[in-house]
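Data first, discussion second: the structure below is written as C-alpha cells.
Per-chain residue numbering starts at 1, and chain names A, B, C and D are given in the order in which the chains are listed.
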C-alpha cells in the first residue's frame, strides 16, 4: 500500500527562516511531516530541501496546495516541484539490442516494485519486441540513421506526448539524442552508462577498462544532457575484477551492476529524491 | 577552522508541528540553520531530529540557549541534548596490547583531524606506555584480575572524573566493563569489535571467521552496554577474503578495517550525529 | 563458443612431486594447460588443485582419460573429479513463493549465460508455474507438510533421477531437506540464504537484521548439509543500509544481493571451480 | 617467523609442457611446492607463472638455483626473476608534505608487518623530518625546482645506490620523476594516486571529483612509468560519498583509502606477486 503523501522539492538562495516558514506552512494546514531533509551548498549559499507530509487531515485539497504554497515560494524565489506519492508517473523505456536492463526493469515492474506506469518501449531495433509483448507493453520501433534522425525523434516525441510520458529511461539505448529532443525532457531522461564515469565515457567502456587493466569496473546512472555521458550523476557502483577475467567476464559482471545502478536511479527519481544543481545531484536517499 | 554552530539532538513522540516549532525557535532568535535532518520511526511513532545552526547573529547567549529551549522541549516531552561545534569533548582511550587502533587515533589527533581533546590513555597492560609518551598523553596502568576488578574500576572512574572525561573509546581493550562502570558513561563508551556483529561475538572473532570459512570479514563499532558485544551498532564495514588467506592474513586485513570503522564511529559521536533508540542507532551521517 | 577443455579437481595429502606428476601426465599426452591453480592447507597438510587443459591434440580419448589418470590418482590416494567444459550439467531449481532468484536464473539461462541445462523446476507451491511455462521448463509441484514430507521427497528424487539432474539450486526454497534427501546430492545442492551467515541463520533474516540495527546486510550462497544454514560457504556479498531503510527496503535491497550471490555460486559450481574441505570451500575463482 | 622459500616469477610464450618442466625441475631437486599459480593471456598466447617452494630439503644451494634454472629458462625463452622469502628488499619512501601514507607505512614497518628494510626517506620538503627521526630512519631533503631537477635526481640516485635501495614507494610525492630517473628503477617504483584512475589523473583529483559530483571516490596504486599516472595499475579501492560531503570530507575519506591501497600494493610487490605485461599487472594475490 502506497502512502498518501505530498512531497516538495525546493531550492533557492539560502536565507534565515526558510525551513521555519516551510514547516509552518505544513503545520498550519494540519499536515504531519513524515520526512524532511535539507542541504546547504556553502560555496554558492544555496538551500535545498525535500519535505514529505501526510495528506490525511491536511486541510488543503490536493489541487489547491500548489496555489497556496506558491505565495511562500515567491517570497524566497524558490524553484520548487510538488508531487504526490500516489501519483504514478508514466515512464518510457528506450533500448537497443542489449536487453538485460530492460528485462530487469520489467520484472520489477511486474512484481509491483516500481511506483510508475510503463506504457511504452521504444527502440531503434526490433530485438525488444518479444519482451514488450510478454509484458504486455506497447512497442514502437524507430530505426535511426544519420539522415532520418531528426524526423524519427519528432515522431518519437509525438508518441511520447500521446502516451503522456513523464520520464524516459535509456536502458542501454545506443543512440545519441539531439539537443532538441533532450530539451523536451530536461532532467527527465535517465541513462545507464556501463563504466565508472568519468572514466571510460563514450564507446565500448568494458573494452577500454579491459585494455587499461583497472582492478575495479563500475556503472553510472545519470541524467542526460547535451554533453554525452556528462550529465549529473545519480548513482554509481562498482565490482572488483582481476587479471583472470576476460573481456566477456567484464561484460557479464558489468551487466549485473548496470541493472542495479539503473534501478536505484529510477527508484530515486520516482520517489522524488533527486535535485540537480551545477551539473551535480543532491540525492536525499 | 571549526564553525561556530549549535547542535540539537532531539527525540520524542511524533506530533504535528514539532519541526515547525523547532525551526521557528531558531529563526525567531535569528539563527541560520546549516543542517536539519529528521527521522520518524513509524512502528513506535517516534520523532528524531538533528538540527545545526550558526551562532553568528543568534540573539541568545550560548549559556542561555538551553534554558530558553527547555520550554519548547517540555511542550513535546523531548529527550534532547544541546552542544556546540567549538566545544572539544574530552576523550579517554582504553587499550590492552593491540595498539594499531590507538596509534591510528593518535595520529589523526596529532594531525588535527579529531575535534576533541585526548588527555588520557588507560590500559590493563604497560604496552601502550611508549605510545602515550610519544604523543605526550597521560598514561595510567590499571592491571585487572578477577579479584581487583571492582576496585580498579573505581580508581579508573576517579581518574576519569578528575580528567573531566566525556567519552571513552575502547580501542581493543580486552576487558569486560562492569554494569556499574558503564552506568557512569551511558552511551558514551564506544567499542570496536573485530567482527561483523552479530556474527562472531566474544573471543577470537578472526579465528571463528577463519574456521567458519566466510568469504567476507568485518568490523563493528558500537556503544557499550551491559550485554557483551550487543550494544547499539554505530558503524560496520567489511573486506573480502578467500581460501588463500591464513588466519594471520585475516588479522592483518581486519586491523585496517578496525581502524577505519572505529575512527568513523568516533567522528560521528564527536560531531553529534548519533541518536540511540531501542538498542539501535540513528546516524545522521 | 565454449572451449573444448578437460578439468580435474584434485585433493590429497600433500607430498613432493604431485604437481610435477599431474602436469607431466597432461604434457605426455600432448595436452596444453590453460589454467592451473593449487592450494596447500598448511594446518592439515592437504593439497588441492584445479587444472584445465585443451583437449585439442590431446592423445587420449575423452572416455579414456579417467582410466589412465586413475593410476596416478592411486599413487597419491587422490580424491578427484574429471569433467569437460562442453558437457552441460543438468540443473533443477527448487523454489517456493519468492520468485526473484528463479526469474534471474531463467533470464540468464535464456540469454545463454549459464553453461547448463535446466529441465526442471520443483516447488511446494504453485506460484512458479507461470514462470516455468514462460521459459518452457517442466514444473512439478510437491506440496509439503510434516506428514507427507518423506513421501514427497521420495517422489522428488525419482523425478530428479528420471530427469538425470546433476545439481540442485534452492532459489529461495523454504523447506528443510531431510538428511536422506541431501545424501543423494552431496555437495551438489546450492542454497541462497538471505543474510550474511553465520549472522541471522534460520527464519526471517531481514527482520532479524532490522531489529538488530546492523549497518550492512548480506546474502550467502552455500552447499546444503544436514545442519541448517551451516554448509560450506561458496560466496557472500553485502550492501550498506541505514536507519532510513524500512524492513521492506531491506527486503528489496537484499533481493538484488541474493540474485547476484546465487548466480555467482552457480557459475562457480558449473565451471568446476569449487572444492570443499572441513566444511569450507576452496574457490579457484 | 618467515618461511624459507624460493619464488620464481616467469613469463614467456605459451607452449606445451612449460608447467610440467618447471614443476619437475623443483621436484627433481627435492623441493616441495607451496604455491603455484599460472595465467595464460589468450590474445597474445603468453604464459605467466608464480611458483613458490620450500628450500628445506632442496638439493641446490640458494646461490646455485639461478644458474641451474637458467638452462630451463633458455629452452622457453623465459623472462624470469628468482627471489627468496627471507631476503628483505630495501625500500626508500619518497614523500612531500602529506604524511599520512608515510606514517601508515612506518607504523606497519615498526610493527613488523612489512617484510623489508626501510633505510631511507627522501623528500623535497622538510615536513617528514620529524617522522623519520621518530622511527630512526635516515632522512634526505632534496628541494626540487625546474632548474635543479636533473641535478637533484642524480644526487638522489647516488644516495639510493649507496643505500642499496631495491624499491621506491612514492607515498604522496608531488614531483614528476624524469624518464631517466625512472629507467633506473623499471617497475620498481610504486605510486599512490588519490583517484580512481583513469578518472581524475593529474592535479587535485579530489577537487576534480568534488566538482564532477561522483558518488564514489577511489585511490589507485600503480607502477610509475614515463606517462604520468598511466603506469600498470596494481590495486584500487573505493568509498561511497554523497552530496553532504565537502571537499575536505573527500580528502579525509580518501586518505584512509590511500593508506590501505598503497599498503596492499607494497605488500604484493614485497611478496613477489606481481607481473607486468602490456601496461597491465597480473597479480597472483
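We adopt the following convention: contacts are C-beta pairs under 8 Å (C-beta built on N, C-alpha and C of every residue); 3 or more make two chains touch, one makes a residue touch a chain.
Computed from a prediction, not measured in an experiment: that's the story for all the values here.
> Once you count every C-beta pair in contact for both, which comes out on top, A-B or A-D?
Looking at contacts between chains, A-D has the larger number.
> From chain A, which chain is the farthest off, judged by mean CA positions?
D
> So what's the Cα centroid distance for chain A and chain D, whole Å?
42
> Counting in whole Å, what is the centre-to-centre distance of chain A and chain B, each centre being its mean C-alpha position?
For chain A versus chain B, the centre distance works out to 37 Å.
> If you look at chain B, which of its residues touch at least two other chains?
In chain B, residues 39, 244, 285 touch at least two other chains, as defined above.
> Could you pull out which chain B residues touch chain C in their complex?
39, 42, 196-200, 212-216, 218, 232-238, 242-244, 246, 278-283, 285
> What part of chain A is in contact with chain C in the complex they form?
Spelled out, the residues of chain A in touch with chain C are 99-100, 103, 107, 111, 113, 134, 244, 252, 256, 260, 263, 285.
> Within their complex, state which residues of chain D touch chain C.
Result: residues 14, 16-21, 23-24, 26-28, 30-40, 240 of chain D touch chain C.
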